Structures are given as structure tokens and as C-alpha cells.
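Letters are used for the chains, namely A, B and C, taken in the order the chains are written, and counting of residues starts over at 1 for each.
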């Protein structure tokens, strides 16, 4: 199961496996003294929960409400309606922040501080003792491979270095919940692989991660659980699980491809057809043998069979189209 | 539970801060300094003895010289160099603030001469035209005794801050306020001018004025004098600091002699009376609150001859004038003479206390607002508020006469001219 | 450690901070050497305005506004401590900077006093104390404004308000002379605005020589002045903390 519904959350009440719980979140942005018709509803009645050890990707087009949701969970903004809890504590409370590590999209650091000094600063803000701070700083530098630039001033950093440092800050003291906004910005492919390994380690240790990203291809490498958002609402992925495993079957035939397709398959499943090649929509890989058998039974002389799965980008675009058309 | 404890702590801290702030605002505000009956000092024999010792020391000294630095929060600092020699020699040099211009007053008995180190400054009695035409190479030669040197300097308005301790005490005279002392008490000891001094507090006119004297244990003369005059909305404070005090040191008589240099001419400063509204002028009408609160309008008294008297509680001459006017009011009531007192300076309670104590029954205006002060300063031409200022206004609303002080000759004549009663002094 | 880091950060948040400190010390030195003030009051007033006002504005420019404008605040307010501490420790950092600065000023003027023929540092300590109190109040007001205004606009706005307000107030006092409004205006400026006049009187000893009491300094007036200044600072700070804690921080890209 990708995303627990509110009902499932209620069933597990009392056990507290949930790290994040959002109930009926609505957020309306309105400038002071502006009229109501100029208000922007960024989130509408969003309910979700993230359990322990889950890595969740937040995806959606621009204006879907991803950042708003992330900011609400982080406690940076207050909901117009609804509530958010982190490990059972209200999101904006000091108690909830103990469980939280946040990485913003464009991290900024004081220019005169080195990476080491920034880590020390943030470790101190966590309330660690002097000895713990020193240990934590060294561990963070090791973990994120920042040895080369640890003692350089932050004003000299590239985007990738800033991302690593911001990630190190968020991960400091291993919080149960990590909120990462575009964590792979500026990271090279090696960096992305390292990030994935890190997140998996965190997951194995029981931490939960919510990632907001536009880079769907990279998100695919980091997680397989998604929350798709569109126009301030969550689109349930229940059916999309099946859909993400959907694909296209390319079948090569000797001849009479069109006649065979008409005879063997419903027209809705035939994506394209020519004399020697058929493109057939497949719901899941288990359907392939049945499709091949039906084609053979219809007299097709099959020369090749190739299954191509729908990737997350194709799902994303399909859902956007569906969302716009609704 | 912990939340409630934290909330309670916050409530306590906030309440304490509010209380402390209210106290601070009270202390810093004007109300803390307002006149209260408790300010009237009760007599203490030991303190009186110190005061008498100061007077005696001044009387006994043959010469006295000192530097005096007078300043107040509402007036700039003035520095004086005072030299006094019995029987009747005085020399006072005065500079204001950072100025290098010295005003010198020398006196040798009957006359006082005032001269300056350069052009004379703009004085209280000046206007631009007069100042421009009589600025250079002038001196003043006027009748006056050494004992009155402080008063004359105050009248001319040469200093930003006037002397508090009057040199008249040295010349076997008395401080003009001495008959009006309520009481004297000890305020302990304190250092002044590098010497340990006994401090006494003297209140006058039922605490309309208070002076603190820091009296040296060496010669019983002051090292610091602080005067607080309680006016309507403010307290006028002048602190006078003494330094380089020398008693019975030799001072040559030449110090007190002065002849005008070649080319200098005597300048006669105008009398304050010259600025008052001239006879025949219309007396500006006004409607001002009385001491009891209701309004008094001058034009309501059009059918009568009006004697308008501006007075202050802290002026012995004004007090005397008010007593006289009360007796006159008793004799001439309902006989076509209306007496109207006007007080634009004093604290309300101080003025009310005086009026009650002296059983003043004629109407008195009491208004310390800027508007009232401006009316009499500009409308009636009152340049100085020292001493009573009298206006006799005829039935036609025009000025018949105006003068400063108690003048036994002016009043009857003015009233006669106005068609009023004969005044029996 | 948290307090230490937050306080330490105020020293390094902008590169010109050290320049500001050294510049003002140099200015005081030059002023002393050029004018050799005959009275402590001259130097004291200069220090009161220089460090109490201008240095406070310089050091507190964008103290929270920079973080808010750059988005750095988003990470800071997700740390597990009361957001008000962010305000509090940064203000303490400014106050400590001022204390060190004024101590150095005192040392500098003490040395210059030994070298110059005249000497007039008697009572300078009170002036430095008054300056520190004024600095605290102005810094608190500026920091509170910084919660609302981004970047360094808090300092700029305060500077403009002080200058324009001073001119406007003088004009109003002339216009309202004798009216009740003048009293209210005076009371507002005296008690609700940073206490320039009160602290000047406190340091200048006007509460002493001209106090309605015996003694060099009127203890009650001086204590009242210090108390009022501190309470005013706390009020400014409380407003700023409240605003900061209730403020929402969004880097929404919608």
C-alpha cells in the first residue's frame, strides 16, 4: 500500500506507527486587505499519513501545492483549516520539531562561516553538548563526503556543495522525519546514488522521508512511493499502482497485423497497428502470455515480443491530462 | 501543570514590571514634583542656628570673593565672579555659557555701573532697533546700591541664570525672602565644592519656593545653593555652585573703581514701565478662568473702573499689594470699582492657599496657559513678572494708567482720572 | 552552546561589523583630539547619539530581516527550541557588542585624557551606561522591526523616522504650543519612544544638580530612568518576539 487513507489510519490508532498525520488540511493564501476573490487556495482538504520507515515522493505540476504541504508539515505556515501532527505533536510545536529535519529548496548560509562552522552552529541549535557537537560535525562531514570543502567559507560553495551541507544539517542527529525539498538539485549522478543509499539507510533505521521534487527520473531512483498532487488535492494512487506497472507490448508479426489485432483484441487495447507491428496496452506483465496466445489463436505469425513499462513521467503526464480534463 | 507554573511565573513577572514601570513614570513625571503641603518645612532649632550662622558670617566678613556657577534645566549656565567689600563696594563679572563676552557691574555706594567687554548683548528690555543703535561703546550708569546688584542684573536680564544667594546679605542686609520663611530643617551632610557641608532646607511662602544651602563647616558660608520655585506646570530650578571662596582676603579698592574709556557713552536702558500699554490704549479683552474655576471676562466689567493687578505668590511686593487691594475692595465694594487679580505663573494649589489665607474676596484669574502668558506679555506689554503690575482701566475700556510695583501716588490719581472713588491709603 | 552560537553569530553576520566598531572608536578619538572637550557633557552627548543610536542601527541592520528574506529562517524555526530565543540571543549579542564597544571607548578616552592637557572624563562612566541603555532600547526596536521588514530596511526606516520625526515634532510643538495636544506629544516622545532625553538628563546629572532633592544624583530619578529604559526595551522586545513567533515563513513557489 502506497498511501494510507484516513480510514486505515484510524484502524491503527493507538499504535503510533505514523510519523506524519494530516487531517483535512486546507490552506488559503490571501494578502492583507485583499478581497476574498483574490485569495489563492493552495491546498484543499488534504488528508494523508506517512508511516515509519517510509520514503514518500511528492510530485505534481507547478501550483499543485507540494511546497505548501511541505511547509505545513514543517510548521513554517499554519493551515487555514485542519491539523498536522508529527509523531502525535502539533506541527509547529517545539516538541514536534525534535522529530524533524528540514532541507529547503535553496539553502543559504552565512557567507563568512565554513561548512564546519555551519554544522557546529546547527548542532548547537539542536541543543547538543559541546562534545556531542564535535562528534556530530565530524560524522556529518564523513557521511556526506564533505571533507574537501569542510573548511572553506560558504560563500565559495557550488550548488552541489550547498545541497550536501543542507542535507547534512537536516540529517543531523538522525531525526525520525526528514522533509527534503528538491534534495538532488545540483547533485551529480554519483551524488544522487549516494543520496539514495543514504535515504535507504535512513529508512532501514526507521526514519521517514518526504521528498518534493520535479525531477521525476531521479525521484524514481530514490523511492517507489508517491503522493501525486494536482491543484491542491491529492490524487489517490490506489489504481495508479497498477497503472505504474502498466506498459506497452510491442508485437512484431509477419503480416496482416491489422486483421489479427481486430480479431484478437478489443480496439481500446490496440494503441497502434500496422501490417507488421502491433502496439498493445498492457495492464500488468501477467497479461502478456494471454495476449500472445490470443494473437496466435487469431492466426498471427509472431516474430518478436517486447514489453515496455510506463515510467513515472508518463504516469505524471497522464495524470496531469486527466486532472486538467476533469 | 508545568504550563500553569510557567504561566504563573509570567504573570508575576509582568505584574512586577508593570508596578515598577508605573513607579518610574510617576517619579519621572511632573506629578511627583507637584506642590504638596508636606513640602512646607517645619522649624528645627539646629537648622535655624546654621542659617543664622550663615547670615552672621556674611555680616561679619569684611571682604568676600567667590566664583559662582549658576545653571538650571530650563536655563543656560552663567558664571559669576563676585567680589564684595564693606562698606559698599561690589564687583560682579558675568559670562553666559561658552561666551567670552563679560558683563561687569561695579558699585561704590549709590551708583552701579554696567559695562561690557565688547558690544553689549541683547537684553530683556531690548528690541532689534534699540540694540543696533546702542550696541557699541556704551555703559550703564544707574542709581543703585551694592546690595541690590543681583536684582538690577536680573532686571536688565543680562544673565541666563540669575544669582540665588543675594550679596545683599553681605552688606548687613537681609535676604528679601527671609521674613517669609516657613521653617528650616537639617538635611544631613553632603560634599560640595570639595568640602563637607551641612545641608539645610528652607521653604518660603508655604513652599512656593524652597532653597537648599550647603554650608561650609569652615566659614558657614554656602558652597552650593539650590532653589526650587514651584510654578504652575513646572518647577524652576537653579543651582548655584561656589568655588574659590575667600573671606577677609585683601581686595584693592581699585577693583571697584571704573571710569568709562574715551568715546564711551552712557546708555539709559528703558524702564520696564515703558513697555506697558500706554494710557488711552484699548485694554485687550479676555475671558479666562478664575481661581474657583468659572470664567471671568473683562468686558463684563465695562460699567466699572477696573484695577487689574498681576501678582505672584513668590513676590513679597505682590503679596503686600494684594493685601492692600483686599482692604480697598472692602471699602469700595459696589461703588463702581472692580478689582481683578491675575496670576499666570503660580501652581493652582499654591495660589489658592494664598488667596484663602489672606481672605482675598475680589475675583482672581488663575491661568498658567501659554495663551494667557502671551496675552499679558504681548497684549499688555508686561516684560517682567517680578513685582506687581497694575493697570487702571476706565469705563470706556481704555487704559488710564499702568505701573510696576506699589506706588502710593499712582493709584489715587489714576482712579480719580478714571472717575473712580477717592482712595484712602 | 545554543545561546553561545546565536550570540556569536551576531558578530559575524555581516563583514562590516568590525569596521563599524573600529570606525566609531576612531571617530571618538578624532573628536576628542580635535575639540578637547572641556566638559564631559560634550563628549558624553556625542557618544550617546553616536553609539546609542547610529551604532545600534548599523549593527542591527537586517538582523532578522536578512534571514527571512534569504529563506534561512525556514531552517532556523524548524529547530527544536522556542523561536523567541532566536530574537532574544541575537539581541543579547548586540547588547554585549555594545558593552564591549563602550568599555573600549572608555579605555580609549582615558588614555587620551592622560595625553591631553585638559581632562574631562569625570562622570564619563555614567554617560557610557546611559549610552548602553539607549543602545539596548534602539536595538530592540530595530530588531522587532526587522521581523516585519526584510533585509536592512528596519535600520533605514528607523533612521528616517528618527530624523523626520525630530523635525516634525519640533514643528508640531511650535504649532501646538499651549494646546493639550502638545502635552500628549511630549508625553509620547518622552515615555514611549527610545528615551534620548531622559538618558541625557540621567547622564548629564540634571537629576543631580537640578534635582528636587539633595545630593549630586537624585537616586530615585536615576533609578526610575534606568528602570523605564529597561522596561521600554523589554516592551519593544516582547512585541518583536510575539511577531516572530506568530509569523509564518513561506518560500512558496506557487
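What we mean here is this: a contact is a pair of C-beta atoms (placed from the backbone, for glycine too) under 8 Å apart; a residue touches a chain by one contact, two chains touch by 3 or more.
This structure is a prediction, so every number in the text was calculated from the model and none was measured.
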item: Taking each chain's C-alpha mean as its centre, the one farthest from subunit C; value: A
item: Most centrally placed chain - per-chain CA mean versus overall CA mean; value: C
item: A-C or B-C - the one linked by more C-beta pairs in contact; value: A-C
item: Subunit A and subunit B, separation of their C-alpha mean positions in angstrom; value: 86
item: Gap in Å, rounded to a whole number, between the CA centres of subunit C and subunit B; value: 40
item: Distance between chain centroids, defined by C-alpha means - subunit A, subunit C (Å); value: 48
item: Residues of subunit B touching at least two other chains; value: none
item: Junction residues of subunit C - those touching two or more other chains; value: none
item: Touching residues on subunit A, where the partner in the complex is subunit C; value: 29, 40, 42, 62-63, 65, 67-68, 71, 74-78, 94-95, 97-98, 100, 102-113, 120-122, 124-130, 133, 166, 169
item: Parts of subunit C lying in touch with subunit B, wherever the complex brings them together; value: 177-178, 190-191, 198, 201, 206, 209-212, 214-215, 220-221, 223-225, 227-228, 231, 234
item: Of all residues in subunit C, those that touch subunit A in their complex; value: 1-2, 4-6, 9, 12-13, 15, 70-72, 74-82, 248-254
item: Residues of subunit B touching subunit C in the complex; value: 17, 20-21, 23-25, 27-28, 33, 71-73, 187-188, 190, 199, 201, 212, 226, 228, 235, 237-239, 241, 369-371, 374
